[in-house]
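Naming follows writing order (A, B, C, D, E and F), and every chain is counted from residue 1.
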Amino acid sequence: MEQKLLNLYHDTGIYQLEFGQAVMMLVGMLLIYLAIKKGFEPLLLLPIGVGAILVNIPGAGFMAAPVYDAAGHMVSPGGLQYYIYHGGIETGLFPLLIFMGVGAMTDFGPMLANPKTLLLGAAAQFGIFATVIGAVLLGAYGIMDFTLADAAAIGIIGGADGPTAIFVASRLAPDLLGAIAVAAYSYMALVPLIQPPIMKALTSNEERAIKMVQLRHVTKTEKIIFPIVVTLLAAAFLPSAAPLLGMFCFGNLMKESGVVDRLSDTAQNALINIVTIFLGLGVGSKLSSEAFLNLETLGILSLGLVAFSIGTATGVLMAKLLNKVSAHPINPLIGAAGVSAVPMAARVANKVGLEANKQNFLLMHAMGPNVAGVIGSAVAAGVMLSYVGG
Amino acid sequence: MEQKLLNLYHDTGIYQLEFGQAVMMLVGMLLIYLAIKKGFEPLLLLPIGVGAILVNIPGAGFMAAPVYDAAGHMVSPGGLQYYIYHGGIETGLFPLLIFMGVGAMTDFGPMLANPKTLLLGAAAQFGIFATVIGAVLLGAYGIMDFTLADAAAIGIIGGADGPTAIFVASRLAPDLLGAIAVAAYSYMALVPLIQPPIMKALTSNEERAIKMVQLRHVTKTEKIIFPIVVTLLAAAFLPSAAPLLGMFCFGNLMKESGVVDRLSDTAQNALINIVTIFLGLGVGSKLSSEAFLNLETLGILSLGLVAFSIGTATGVLMAKLLNKVSAHPINPLIGAAGVSAVPMAARVANKVGLEANKQNFLLMHAMGPNVAGVIGSAVAAGVMLSYVGG
Amino acid sequence: MEQKLLNLYHDTGIYQLEFGQAVMMLVGMLLIYLAIKKGFEPLLLLPIGVGAILVNIPGAGFMAAPVYDAAGHMVSPGGLQYYIYHGGIETGLFPLLIFMGVGAMTDFGPMLANPKTLLLGAAAQFGIFATVIGAVLLGAYGIMDFTLADAAAIGIIGGADGPTAIFVASRLAPDLLGAIAVAAYSYMALVPLIQPPIMKALTSNEERAIKMVQLRHVTKTEKIIFPIVVTLLAAAFLPSAAPLLGMFCFGNLMKESGVVDRLSDTAQNALINIVTIFLGLGVGSKLSSEAFLNLETLGILSLGLVAFSIGTATGVLMAKLLNKVSAHPINPLIGAAGVSAVPMAARVANKVGLEANKQNFLLMHAMGPNVAGVIGSAVAAGVMLSYVGG
Amino acid sequence: MNELVSEGIGLMVLGMGFVFLFLVILIFATGYMSTLVNKLFPEAAQPAAKVPSAPVTANNTVDPQIVAAISAAIHQHRNR
Amino acid sequence: MNELVSEGIGLMVLGMGFVFLFLVILIFATGYMSTLVNKLFPEAAQPAAKVPSAPVTANNTVDPQIVAAISAAIHQHRNR
Amino acid sequence: MNELVSEGIGLMVLGMGFVFLFLVILIFATGYMSTLVNKLFPEAAQPAAKVPSAPVTANNTVDPQIVAAISAAIHQHRNR
């Protein structure tokens, strides 16, 4: 009896708690606070924060692997986050299903009306690769312990696209997954703070006041055929990007075809919500003190910020260049939307545009580069998976 | 660097694409076209078409098996369609869950009001077994490479019931699954074209104009007890049909009981939609060029058409026979609805009936044989699984 | 051919049916009857009843394990209930997800307005541990074959909380899972019959007529922070209760935070409904004749009833004690709600209160101990898992 | 006639036989069930089915929001 | 008294002890939390909670379709 | 310059090159596709898209319950 009482005491969190676990539980609470009070991407950061708390409870076994005897019978079951992480994140299923749902919510209309804006989505991906250079320099000079795969996974934060970042990190740098996902979603939430100063520094007031000509009407048929074209181009030129782009286009095709609305509706609602809950808990499971409480995390957070900033800048600069060569005027602000972070970055472009000219509604114009940025970062992800993994 | 560039080129789809894969991607696009433009069972054929494209992208790895090291850690993750196919189709889970959802959408009322129509659902299954004979003849004379199991799986196309066909094919002839599923859903979509000529050829105008007496009211209690009766009969006489019939009846019981409407609603919506998306992608994964681009597929498509036609004919002939011996008049057209293809075949019967007599509304009368055909083909599936598998 | 006919006959349920299976199918039908006609927790008992019928169909293979060859290829697929049971119940995933959904439906407001009612939720758990003593006595005197783990799992029936009971039973006494789950849900449905006589026997009419002061307003912030506090306390004092309490609090946090309403909505609807269907079929799979048709089941059913009754009594007695020492009057009836069985037990307290005084609305006051009872039985479950398993 | 064909014919005979057997039994079972039900519970089943479980009620009844919207709309409509 | 019984009694004592301990701690923690929250953020939490995420708004507000339906229904109703 | 850095630069060059290459090809493919579509099916696509699948119709049309509620509400409203 005394022994049992002692066992029970030894089982308590208080007895077992390590300092690192306590800190990570505070990190989890910080994420929950940011999600609820500051509105930082709550759909992901709230479950991630809860997942971080749960996985760091000593003795609760949320990440415990199941144990089987020789005959294959279960001796002790695994933890919830073990099953979620290994079933849905390590396999890549959850990010792909989220991407399908996002595709079913995406309207390519503004981009189809003005395909040149795809160039802005391309230019803004420079943030990704500049960050890769930053990370390999930190690694090469022994400041931080980054491999090329780590550097690639960190760079993808600059893609401003959560599921893409999680998909790449789960393949190239699973140990850094927690920090990368947290950085990706945090900076996406900070887009309204990070982008405007850069956008204003690189443009004159006249440029920001430029009005753009109204977008042409895009037919239903174009919208239906477009996702198939993207899938075929991915198949032809970059099969390693085909999982991401293919599922994204599948979702979009379900939406635009108009013949499977019940599937499209489920992909946008019940399914993406279920997967989001699980994805959050699974990402949170990687927020262990060993993986998170080290210099590398600081590096990841700093490099992520750099990636966003450079991507914003190169997007704006490309838009200025396009404005010079284009027949119709192009407001350079919409280049910033090329980082993706849909639809936040497009809204920021609209807001900054309105500050310069109260009649200047850039939202629809910025949606073009915005969704182009999603394609751009999926292509960048494909190159990385092929280059580093192959 | 040049090496990496070369690697990247060797990774492209253009470099790797085989002719068969290109053809299968065209087949996938044809299915998408039929789904969107022609309205061919889009809920299934659209995801199947996308699945066919994705699985044939060389190097994208949608069907790649995961690789584990000796300690059980994942070295490389599997592809999305690998997990879907092996998790949900090979195991039989997805067809069974779809069948549960279909059960929750089915109203047995018209059949209970006139149980004799069950005979029509039985007669129309002759299409299944006639097709089996056709397939074994093709096999026996060495024209095509069909085993008895293959023949049974091909025959079930005549059941005009997608999940049943997929369930049987996944157990008896997984290699033919893609072609069988495509044939089953395509012909179900073609019911309004296939059936009317046969129906008209076998009936006189007077027969088609026969009005049927109004159906009696069926009480809630009858509807609740009926699915339990079917389950018990399956248990007693044909356990191999019990998975299909049991899940179908479970769904129906959830609906009719009226006490678990939130479960019934989920079975009919979120759950069946999620499973349908996955089922489509999983079936599409079997549309590889090796499995599809051969003489056997042509045989399957032709035999499937024969199966539908014979089933329609025997259904109509049985209805003519019943009309002779029955106290109340029976319009032979409703026999054609016995192939199932719910509710398309019943609508076709109604439409052809209206052509003969503008006051002749056969829809509810045809719903009886229509749902009876679902039971009939599940029974036929059970016999096949028991006879061929046992 | 004759051989095949004979095989088919040997495959029939009639040929193979054992007496025990027939009885268990009758038990399944009884559960369905209670669910539909008597309204006994139909969301669980209907699927459990169907699951019991299906698993007892001889030769249908609902619980068959899949067979793989040496190379890892599937030779024969497993049964639906095999996958459900081993995938979701043995692992503990389904009860935890249900608990998350229940958390998202729970309002801790009344409890936060009057935290003393937590003591009532504690007192009512005495039913659990008194039952453990009853079960070990039956085991110790050789009347029934109960181990300490069995006794603990049986006791948890008194927690009046389905997912907690299933979670504990799946870990401590999987063989008894069927009987324990059936007992737990049946008695929860019988709360309106079991509790009132005990409540009336232990209270005077004046006590039952006591009016309570209106509850103070509880702020949104309190409701948001509360689930985090509970999780941290579980982490600190009882990690073995952290899976249950953590997921419950996660669900509640999603609801109260107000920033992830689409996730909260899915947790309360599509997700919990899907899991409920599977949980029911999975629990039903444990209703085999070997596991159910024995003296132990009778013991479980009797002990479960005792557990409920004792829990009700100790809850009421604790409320009488609190009423003596509290500044504000406390109606002893609300103590009975401490067994949980949310919200049935609170409604019963309200109803019995109204009988004594037509102006006495106890519902909101009883919701406090009611949800406290959920926490209390999760804590009791944690102690058991730690004491018996550790 | 080779074995495959004879097996196929066996499957056809057994299969159609079983399908008819099963559905004929079902006709009798259904008929008997209906007669019994309608004798024992003449339409008594329907009131019972009218008592839905809690979450259902919420779905089936008219949303109070909608009622509020209606009143508001009527006001607006009149004041136009 | 054999070992099983003594283990059962041990479980009961520890179990009830722990349940009460945990819930008593929770009473104090909750009370302290509520006091603190209401001192630091006196009802400040509610306006914040009023800002729901986008998809919620769509669910909570009145569907424009419904509003259209109402107007149509009123017209029809009047013209009857 | 060590190997890691040179590999990083290689990734950058190849990566940005490929991103631009892909998106430039996509610009041409999209433009060509749009031209082709609008020449072959000048707005013919829209009527086809107006024919939604059955379950959708159910979702998009006004619920008969709502209509019933409206009539009821109007009556109540008038009788106030």
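One rule holds in what follows: a residue touches a chain if its C-beta (ideal position, glycine included) is under 8 Å from a C-beta of that chain, and two chains touch if they have at least 3 such contacts.
Protein identities per chain, from UniProt: A, B, C = Oxaloacetate decarboxylase beta chain; D, E, F = Probable oxaloacetate decarboxylase gamma chain.
All figures in this text were calculated on a predicted structure; none of them were measured in a lab.
Homomeric contact chain B/chain C is classed as different-residue, with under half of its interface positions used by both copies.
Matched by residue number, over half of the contacts between the chains of C-E recur in the interface of A-F, chosen from C-D, A-F or B-F.
More inter-chain C-beta contacts link the pair A-F than the other of A-F and B-F. Computed from the mean C-alpha positions, the centre of chain C lies at a distance of 44 Å from the centre of chain F.
One finds 36 Å separating the Cα centroids of chain D and chain F.
Separating the CA-averaged centres of chain A and chain E is a span of 30 Å. If each chain is reduced to the centroid of its CA atoms, chain B and chain D end up 20 Å from each other.
Looking at chain A, one finds that residues 4, 8, 39, 42-43, 224, 237-238, 258-260, 262, 265, 270, 383, 387 touch two or more other chains. Among all residues of chain F, those that touch two or more other chains are 10, 14, 18, 48, 53, 66, 70, 74.
Those residues of chain C that touch chain B in the shared complex are 4, 7-8, 11-14, 16-17, 25, 29, 32, 35-36, 39, 42-43, 46-47, 50, 53-54, 57-62, 66, 74, 77-80, 83, 269-270, 273-274, 276-277, 281. The part of chain C that touches chain D in the complex is made up of residues 1, 4-5, 8, 37, 39, 42-43.
Residues 6, 10, 13-14, 18, 48, 51, 53 of chain D are the ones that touch chain C when the two sit in their complex. Across the complex, chain E is touched by residues 111-112, 115-116, 118-119, 121-122, 125-126, 128-130, 132-133, 135-137, 139-140, 147-148, 151-152, 218-222, 224-226, 229-230, 233, 237-238, 258-262, 265, 372, 375-376, 379-380, 382-384, 387-388 of chain C. Residues 2, 4-5, 7-12, 14-16, 18-27, 29-31, 33-34, 37-38, 41, 43-46, 48-49, 52-53, 55-56, 59 of chain E are the ones that touch chain C when the two sit in their complex.
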